[in-house]
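There are two complexes below, and they share subunit A, which is joined by subunit B in the first and by subunit C in the second.
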Partner chain A sequence: MFKSIIYKEWIKIRLIVLISLGLSLLALINIFLKVRHDILFVDAANYWYSFLFRGSTYFGILKYLPFAIGLAVAIAQYIPETVNKRIKLTFHLPVSENGILIRMHAFGAAVLVTLFLVVMGLFTAGSAIFFPSNIINPSLVTMTPWFLGGMATYFLVALILLEPVWIYRGLYAVVAAGFVTLFYTSASIGAFRPVLPALILITVLLSFVVLFSGYRFRKGEM
Partner chain B sequence: MYAIECKNLTHYYGKKMVYENLSFNVEEGKILGLLGKNGTGKSTTINILNGFLQPCAGECLIYGENTQLLTPETKRRIGFLIEGHVQYTFMNIHQIEKFYSGFYEGWNSAPYWELMSKLKVTPKQKISSMSCGQRSQVALGLILAQNPDLLILDDFSMGLDPGYRRLFIDYMREYAKAEHKTVFVTSHIIQDMERLIDDVMIMDYNKILAQQPIGQFMNTFRQFNISLADHNAAVDLDGIAVNIERVKDKIEFYTYSTEEDVKGYLKMKGIGYNSFEEVKMSLEDAFIGLTRKY
Partner chain C sequence: MIKISRYILVLTAVLVASIALPAFYWTVFEKVPRSPQIYYSCVTGDFIIADGNKRTDPSGKEFTLDEYERALPLLYFRQLMADGEMPDSIHGIKLEAPSISRASSFYRYTPRKLKTPVPTLYPMLESQSGKVNLAMPDDYFRIEKRMEFIVAKTNRINEEKSALFTDALIEEGFVFPAKIIAGIPTTRKSVDEGYFVTDSGGSLFHVKMIKGEPYVVRIETEEKLDIVYIEAVDLRSREFYCYVFTKNQGIFVVMDEVYDLQRLPVDGFNPEIHTFRINADLFNKCITVLGENWYQAIAVDDMYKVVGTHYEEWSGLYERAEGKAFASIFPFEIRMKDDNSAFIRFFFRPSPGYRWIIVNLVALIIAFIMIRRRGWAIGANIADLLIVGITGIYGLAATQFFPNKFTVNKQPNNK
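Our next item is the complex of A and B:
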């Protein structure tokens, strides 16, 4: 049964996931080509100094990529369910309504986590060629909220898309914008370290909000 | 034994009442057609039956379970055709069959592939690029493969040409009778229903006008065309008439009474006529006669 759910969800999102992976790889290639270029033509010592003491970053291009990926995957996964209220077909399957929504959502989230871990893993591996760990670690701390923001975007867009009443969608969108902005606040490198547990907790809690839209749909809100 | 029992359903959209204290049952093994004009509550009833709408009061039971709290086991026994043959159109016919088969232990793909073999579609053609008629066959094939005990078909004829409508009806009738299935069906095209249903339920605003076997309804509900002798004679609904449609001296008199009773009624009222004839009605005629033209 879960295999069937994965099968359908994968059909919906596979193209977007592959495009997202391709774009992420291009972004990483761009980052490391630029790093290599700067090390060759600037001077490695000065280059490292700018990251260690001036708060410069070499990975700014990645900032809004998780947001765009989370948004695209949520749209690819949930718009097909809302067209002609096809979610009725999904809720009619012989699984509890919350159960099937949780499974669909868990699959989408798992794909995103995998994709983001791959990107972060490749980023770490690529960075290790050029930089010491005291540049890489703060860099990972800096970009972790961006990836959490991508997850939060996915969860909140799912909530908005499955909500049956347009005016509520608008209200949710305003609230969602507020939440997502939290993850993309500009700060000096590594500054988000103390609040990472709180951001992780918020992201985990947001993963359940889609159940509310599912509940409202089943009760016949329109 | 009833497959569906609805008790004292009351529903409002805001302040607009759809119906109040509506009750009906559907016997197992019967094909019941729900007829009604737009806005009389057909879709509301279907949504309540499928658990997509909570009524303001009352409840519907399917196989003894409240439709708001259907267990997966009971849902497995219900086949649901959404208005417009809605399906996952981003899949092709192989993908959608593979997807659904994972949910139903008794899945029997033979009738699905039998229907698909009649469609002129390529194996990888997405359902979104199929005609409405072809999509209806995909939806029907999936329901037949699911092999449910109860089929809920919401406006199955929408968008279908006469050939596909006939194919759908003939398949459904034969299948339901051979397999002792219960069917709850709505359709805008009432002439289709005559070939398909055992029982008819006709809804009007806020109430049920008729619920009985289709044969009994068609035999007892009658139309008489009467040409009045006096253009100004008053013929009203206070007696045996269910509905009267009048154009000058010509009236269409709809009633459950016999010809003798109607003639006796006119005589009692002192209403003379030049001609009086009983008209054989189709189900559509009877529906309009009962619910009025507007």
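Our next item is the complex of A and C:
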């Protein structure tokens, strides 16, 4: 049964996931073609200098991509469930209601984590051609909150979509917007290092919160 | 699990509220903090405080702009020369434009410089190339397990050069890795003096490259210094190489060529929270240490002997109306960014005093009434009330945003 549920979830999000993967690959190709071009034409030492001492990053194009992907996957996965309250059908299956929602959500989260890890892995591999760890590590620290923000967006948008009462959807959206903004605070390269453990912890905790509106949805809260 | 998920949401909302609401409050109500500039006049032999458009001496006597410029002839010599009012000599020393500008320098340290992400790669310029212009090298060095030069174009380590410099450092007793690397990594300076580096034992070294060869000097200090920040400067007077800030042993300058550490006459300087300024001219150096709502100005002569001090204090943020109101409404605030740090963190700032307890109590009463009106059991809402009691209006908003409806055990009584 869970295999079929996962298959159902995959059908809902596969198009979005493939488009996201395609866009991410295009972004990465763009990044490294640009780096290669600039190193050839501007001179490598100069290029390193602008990263080290002028704070210019070569990967800024990736900033809002995880946010967009998290948003799109959450919408693709949960909007169909709220149309005509279809998720209620799922909840009538002879399995625990929470259990089924947890598995749906875990599958979506796992797909996102995999996608993000692939993108960060390819980014690291590509960067290693041109830069030493002294440039790659701060770059990864700089972009980690962006990807965490993508995960948080997915978790919070799922929460908002499953909430049955419109006014509360609005209130959740206020909190979600305020929280996701934190991940995209502009800062110099590597400045997020001290706050990363706390952000990771909160993001992991937020993976549970869909249960809250799922519960309200089930109980037909109005 | 569902209940826990609600508390995760409530606490997230408290976090967001305690960042967003105070930020909004300060945007609307905060006033520009005072940041006076303090100079030492070689004419009056006293301090001059320039604060906005007001220029006074320590006794409060105001200066017009012309009087002010005449009192600081070394700072405004171009203006005074244009007006034909520049004195020929002061204290028996003939004043000439080149010597005035050579002796003039300004430097400022802020706690933000201490708490900022720093690069771990630096360019080692050739300091005696024989050319008039300095040139950027095509490699960058790092000092980790050894000193390594990485060629930017190939992203590969230059083994030969790395071994040369590593050996030179070891010979001087350097313990890898480096803690602080401070230099001026640009060609826009008058000469190259390389880098001032502390090793993992905290000892201070001077490292530069002369005709492709390493030049390493271990700088001896009388006592072990707990160095937290170094900033190299490019003084035209060539008086000293760099400023050295210690955790609580004061501020030093490393004298040019002789590597003597000269302690600046500043006591109680805390690099974590205090700002340091120095205005140097032909006769004096005027040092200012600034706290949040006070400054201490110290003037020294060219032998670093103190010739005058001045202290002033004004009301702090939480003593002013907007700060008092803030501390009454909000029990605390969380900031992602802090004026004293370039890092992103959750900076927790409790409000001083206890006036916020009143607002917290009011919030608690409102929460209590709302729970009663909805006919919810108080017992099941203890955690909510606790959150409101501690976090005040943040908690009140957060608990209302995410309704606690697991506990309906009697019908709402429509009063």
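By definition in this document, the second predicted complex is superposed on the first by the 222 of 222 C-alpha atoms of A that agree within 3 Å, B and C clash if a C-alpha of one lies under 4 Å from a C-alpha of the other, contacts with A are read in each partner's own complex, and residues count from 1 in each chain.
In this section, contacts are C-beta pairs under 8 Å (C-beta built on N, C-alpha and C of every residue); 3 or more make two chains touch, one makes a residue touch a chain.
Computed from a predicted model, the values in this text were never measured in an experiment.
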item	value
Partners on subunit A (subunit B, subunit C) - clash or fit	fit
First, second, both or neither for A:Arg193, with subunit B first and subunit C second	second
Partner chain in contact with A:Pro80 - subunit B first, subunit C second, else both or neither	first
First, second, both or neither for A:Gly220, with subunit B first and subunit C second	first
Arrangement angle, subunit B at one end, subunit C at the other, subunit A at the vertex (C-alpha, nearest 10°)	140
Touched partner set for A:Ser96, first subunit B, second subunit C, both or neither	first
Contact breadth on subunit A, by residue count: subunit C or subunit B	C
Touched partner set for A:Lys88, first subunit B, second subunit C, both or neither	first
Touching partner for A:Lys8 - first (subunit B), second (subunit C), both, neither	first
Nearest-approach distance, in Å, of subunit C Cα atoms to those of subunit B in the combined model	7
Touch list for subunit A against partner subunit B, complex	1, 3-4, 7-8, 11-12, 80, 84-86, 88-89, 91-96, 217-220
In the complex with subunit C, residue positions of subunit A that touch it	39, 43-49, 52-53, 98, 129-132, 134-135, 138, 159, 168, 171-172, 174-175, 178-179, 182, 185, 187-195, 198, 202, 205-206, 208-212, 215-216, 221
Residue ranges of subunit B in contact with subunit A within the complex	47, 50-54, 72-73, 75-76, 78, 80, 82, 84, 86-88, 90-91, 95, 98-104
Subunit A partner contacts - residues on subunit C that touch it in the complex	1-2, 4-6, 8-9, 12-13, 15-17, 19-20, 116-117, 119-123, 136-140, 142, 150, 152-153, 155, 185-186, 336-337, 342-346, 398, 401-403, 405-406
